[in-house]
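Letters are used for the chains, namely A, B, C and D, taken in the order the chains are written, and counting of residues starts over at 1 for each.
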Amino acid sequence: MRSTDSLIVRYIARRSVPFIQLYALYVLGHGEDGPGGGFQGGVIFASSFVLLGLANGWGYGRRAAPARLLDPLLPLGCLIYLGIGLAALLAGGAFLEYGALAGSDDPEVRRHWHHYGLIGIEVGVMVTVSAAMATLFFEMARPARVQARVDRVGEEADRA
Amino acid sequence: MSVLEIVAAAAIGLGSLLMLATAFGVAVFPDFYTRLHAAGKGDTLGQALVLAGLLCLGGDLTLVVKLVLIVFFIFIFNPTATHALARAGWVSGIVPWVRGGQDPGAPREPGA
Amino acid sequence: MPDAGGPLLPPAGPAAAVPGPAAFADVLGWLATHYNYAIYILLMMIGLYAVLAKGNLVKKVIGLNLLQTAVFLFYLSIGKIDGATAPVVWTDRPPGAEGVPYENPVPHVLMLTAIVVGVSVTAVALALVVRIREAYGTVDEGEILASDEAQEEAESARAEAQEAAADAAGARE
Amino acid sequence: MPVALAAAVVVILLGVLVLLRRVIVGPRLLDRVVAVNVIGTKTIILLALVGYLAGRPGFFLDIALSYALINFVGTIAVLRYYEGRVRRGEPVEEEA
């Protein structure tokens, strides 16, 4: 996918990326008392890369979110989720019982740690969702010449 | 009813009427560019008026910031989308409409 | 909004054995209170029609999405409670809104999961369409089937020709 | 005040109804895209108004803000598809 010929669209897309990402982080932090959370924040975060790829060309967007960065992030989010759950288990609570992470029986402290655990889970969800969305877009919009190069590398690896 | 509420009601009414006019413009104008003209201008001003009216109703700081952000984003994104649409129409060879149905200039090739 | 706790179907009394005006009025009354069911069925049928009847594979995917959206709307509408607010904690309740209930959050959560699954399904379907387009050069179902048939016929013709050649060689010996 | 908000909602919904005709009759793909884009802007305003009507403006303005972002991305995506088809010289309109 080439970039658009329109300078205006390219410039606006490039300049609005930080705003979109900042808003995605705001949405992530308001999962409790607003329409937010990991899924929504992740999708909005990924939409910034989609906008970059659409307006400035596939290669420009792929350089902003390269495969060697996104591919490890996919399982990392799941690991964060699982790690917080298992940490609660190790701290003596049930799986994903965030309050147990506090290590104290004071209900006030447990309530605080409940919030921390919840935010940690949301961060894990957001990392996986945004990486998955961006990967889906970039893999599906892959231009033919990049696809040909990938195929050639694969065939050479098969022959070797 | 305070003065601010009257201002708010007037702004919301004017803005929603402007958005209705936009809708009618897009629905009844004769060709693509004239419809785009209605869509790009009327909607941008209409939404700003409605949101300014909501701003007059007051609220805490986050509410004000969100309203201003929405106006700001639409003021940037709506004209950009309109520009991209007009460009796509021009590149794909849509000829502007003139009264009488004649071409305004030489016939254009798609992709030119 | 329809009454979520009402009976799912009009009660089948002895009058329902012979459908008279009363039964018809019953059905109309049921439709008036459960119109979300009718909208859901209509949307779902439009989606199903697109999946079954459209030749273009991308349009089939769009129909699939429409079908999913119908299910989302149906679930969300049966979770609606009259006068209730969205099931997210309302921290800054204004005075006078203390007694406002929340809607049933279970359908919302279910549909959140379903939306994520739906996006994944759409992604897989579109990836398949992209591969099909690379292999066949078209996304039209009829053309793909015709191309498959032509290829099979060509292969069977080649096999027959080879067999015939082998028979001829055997006969010569 | 709720009366003014409700009246604005009704007027904007009327506008959406009028725009739906343009979405259906076209006649070009770009005409439909224009109409859908305008409906998107109206949806943002409707979300804000409904938020004030329901008494939870902050909550609904979050949704309106994300819709504003997503609407732009959607329009640009459709236009890139259109541009690509024009550049490759493929037919862009429905042959029917």
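As a working rule, a residue touches a chain if its C-beta (ideal position, glycine included) is under 8 Å from a C-beta of that chain, and two chains touch if they have at least 3 such contacts.
These numbers were taken from a predicted model, which means no experiment stands behind them.
If each chain is reduced to the average of its C-alpha atoms, the one that sits nearest the average of all protein C-alpha atoms is D. Greatest centre-to-centre distance from subunit A is found for B, with centres as Cα means.
Rounded to a whole number, the gap between the C-alpha centres of subunit A and subunit B is 33 angstrom. Taking each chain's centre as the mean of its C-alpha atoms, subunit A lies 28 Å from subunit C.
Averaged C-alpha coordinates put the centre of subunit C at 23 Å from the centre of subunit D.
Mean C-alpha position of subunit B lies 11 Å from that of subunit D.
Subunit C has residues 86, 88, 90 in contact with two or more other chains. In subunit D, the residues that reach two or more other chains under the touch definition are 58-59, 62, 65, 69, 72, 76, 83.
Among the residues of subunit A, those in touch with two or more other chains are 4, 9, 16, 34-35.
Chain contacts in this assembly follow no simple pattern; the graph is neither a line, a ring, a star nor complete.
Those residues of subunit D whose C-beta lies close enough to touch subunit C in the complex are 54-56, 58-59. Considering their complex, residues 5, 8-9, 12-13, 15-17, 19-20, 22-24, 26-27, 32, 35-36, 39, 43-44, 46-47, 50-51, 54, 57, 59-60, 62-63, 66-67, 69-70, 73-74, 77-78, 80-82, 84-85, 88-89, 91-92, 94, 110-111 of subunit B touch subunit D.
Residue ranges on subunit A touching subunit D, taken from their complex, read 1, 4, 9, 13, 16, 20, 23, 27, 30, 34-36, 40, 44, 47, 50-51, 54-55. Those residues of subunit A lying in contact with subunit B across their complex are 4-6, 8-9, 12, 16, 19. Touching subunit A in their complex are the following residues of subunit B: 73, 76-77, 80, 83-84, 87, 91.
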